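Take a look at the structures below.
Two complexes come next, and they have one chain in common, chain A, joined by chain B in the first and chain C in the second.
Showing the complex of A and B:
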């Protein structure tokens, strides 16, 4: 998996939700549902060519947490 | 009213290894309306009589589907994000507006005919592979051919893609059952759900680009293009049909084969042409009641079966119990292959009555026609493994051996 930064995740979530969030925002509390996760993943795929597994969103919950999980899953490969 | 603390109706294990039919028969006789609690505070009313279940289905104004139709249904504990946007969790008038295009494009006569032919082709091909003496797991080798044929037609995909989608919906729905989910059930559920959504969303995108509207997904995609439907609604209902179609009939099919094994003498009458496959199909649908219950939430006080259920209560409608109600069925606990006037309620009733009922009926009827015409037969050789679920009644393992039709006939004596 290519590197996916916290900033990239923030940008995608903001685009899908149409509101501002920070790296510590709980994206689900902010209104992300499974369809929004789908749209975020589609955006990330456009930018990086990689389809991020959905569970890292639910596990990470915040942009920083999600980026960290993606990094951790990569390290494990 | 009877209140059951820590009720077995919550327990997937109870439905796999216990006797839920006997438990529900007791409730039906003594406590047709009862309350069931779980230690965490979840509580629902259970309707077990046919007339009460039917009345509740029909009263969609006071019994809402918007809060999910499964007890603790999804990974998300609150009101579902799909609420009001996906058939199964929408109330009228939103429900009516979604149902029209889905029914028109996916469940018209031409589609039904096409589905029937595809399913028959798939079943024939699977049976043709088998020789006398072969041992196989029917639930994995033959049963998936039914929904695969449906997906091929409704979603306009090839058999390979249909098989991939089937696998994903299976993980998504069966996540509590280790037979389908991996070691980390929640992760596999989330990923499977997104895999299904990705799959359907990609199809919608392709149909938007190509303009094709000759399958259900294509038709919904053109609704999106014309601005009559949002893309999310198209996606959610594609998902609803995929799950509704995939996670039901394979279980009905496996239970049907197991039933045939136990009722060989009655089955022989179908083989001999003395009982129609239509009648046999209806009785198999009653007997298997694949979808055991659905849930509603009362939005006002509701009188049912002589009790008042207060507003804001969970209410469960037990199809599997209604289908064994002696007030409606003679000898309800016997399988009667030529049961006349069969009012089975396996597909529910009212506005939410299964949109796929004609398709599902055709799938099962096609299966038993092909089994009846086959020069071989299945004999069950090991105790089947039941699905661990209180919502879907099915088998995750059904080991069978292929024998010659004449040998099976001898077993019927």
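Showing the complex of A and C:
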């Protein structure tokens, strides 16, 4: 399965939120809500074909945390 | 007559049908397999009855929709009230129904197990029981506790207070299954329904039971936060004809992943007011689906009115339409308005209360495990006063115009919060509006497509809100938090507002 990098998460969130974030930004504190999560997931699916479940966003909270959770999920498969 | 039809549904040839199919988590279950699972649950019920005496109310716990469905079938075959619990019940909900027996159904792929919860330490029938949640003293499980015709429970969403347990009868469900106004043309000649509603919500009766009663196929859709991207494949593979979604979920999908619903010809929206802005966005996103706005209180099984949206919508609000067959409506002038207290500036406050009557109206409310309140009959039919105010448009369709209990007091002035929400939501650029009041203030939360410093939009909204009351604050936002059932979480909305307010003032 394609790996999704922290940089890709940052790019998606920035596109959806229309503001700059870093790999350690808590995306929910930065204004991401459930609709924005869905938009990010749709963008990732479009770019990589990977169907990222919502809980990795809610659990990961930062781009680095989210990328790590995605990696862990894929490793478990 | 009802008995015959009910028995035919529970015991008839349906469960040997080669056409009926249940699809969940990548597994297909034939009617026979569903029947097998129900038989396993029935055996567990029989064992519990042998050990501890008769049961009347059975709580069915299952993370799988199939577990809840087959559990309901089994409970009904055993002459019991089936309460499907997908994990969302608290002590208050359970106390309304006071189950005699709790079964946990675990489904994994094509295998399953059924366990009676706490069976070992339950009191035997010989001893009088007086324990919370299992009230099995002699006589309590007979039909005088809950009338025999009651087979299930609808829980209200609790948006107007605590969640109430509505007693659903065999006759209610049969009337719903027979209601032609909810039919859609099936592409393959047999109905295939996408199932989104969780088992404890009344949409469940429409998604699953009504479909199975029509010998159709139920395709369980993964949650939006799980794998919404699987929806198009499921729609294509099984030829899903219809899906029911809460209005807030339709709005989210239309905005973020319209392709998820593009392949499903008939979209039913219910639970909340379906916003014109959502419909416009859906069309702009290229969605060609038929949209049906359903209306109905939980106290009337599932729905009482429907409105099919025209290709071009010219009205500022989406009507709730006309009564489904078998439902009779009466419009009553609210008490306070009979003395001429109607508001000329806001004619929607002059709406009349909608009363629904007929076989879809449930029996009453359960509390402490008994039928505590029975809905009264009016002109020979059970009737329910919805508390919803409606007006009639030029085409003869009903339009939601507020709630009797939405008349809030702001600085001593009576304001119809629902009417305000309607007027604001109809403004261009506005997606939705909610008025929330707490001990300190009243805030009109306005959901817009382009939030933040949208001064042009704010200047459009402000005068409308101030027209109702200058004391109501306006707050633009790009999202509303929702509860698990899809309704807007107004408490959280206010809490967030408070948090940012306090943060800003420091």
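Just so we're on the same page, the second predicted complex is superposed on the first by the 76 of 77 C-alpha atoms of A that agree within 3 Å, B and C clash if a C-alpha of one lies under 4 Å from a C-alpha of the other, contacts with A are read in each partner's own complex, and residues count from 1 in each chain.
The working rule: a residue touches a chain if its C-beta (ideal position, glycine included) is under 8 Å from a C-beta of that chain, and two chains touch if they have at least 3 such contacts.
This is a predicted model, so every value here is computed, not measured.
After overlaying the two complexes on the shared chain, residue contacts for A:53 are found with chain B and with chain C alike.
Of the two partner chains, both chain B and chain C are touched by A:34. Touching of chain A by both chain B and chain C, each in its own complex, is seen for residues 33-35, 37-38, 41-42, 51, 53-55, 58. Within the complex formed with chain C, the residues of chain A that make contact are 33-39, 41-42, 45, 51, 53-55, 58. Of all the residues in chain A, the ones that touch chain B in their complex are 33-35, 37-38, 41-42, 51, 53-55, 58-59.
Looking at the complex, you find that chain B touches chain A at residues 75-76, 81, 186-187, 190-191, 193-195, 197-198, 201, 232, 235-236.
Put simply, chain C touches chain A in their complex at residues 224-230, 252-253, 255-257, 478-479, 481-482.
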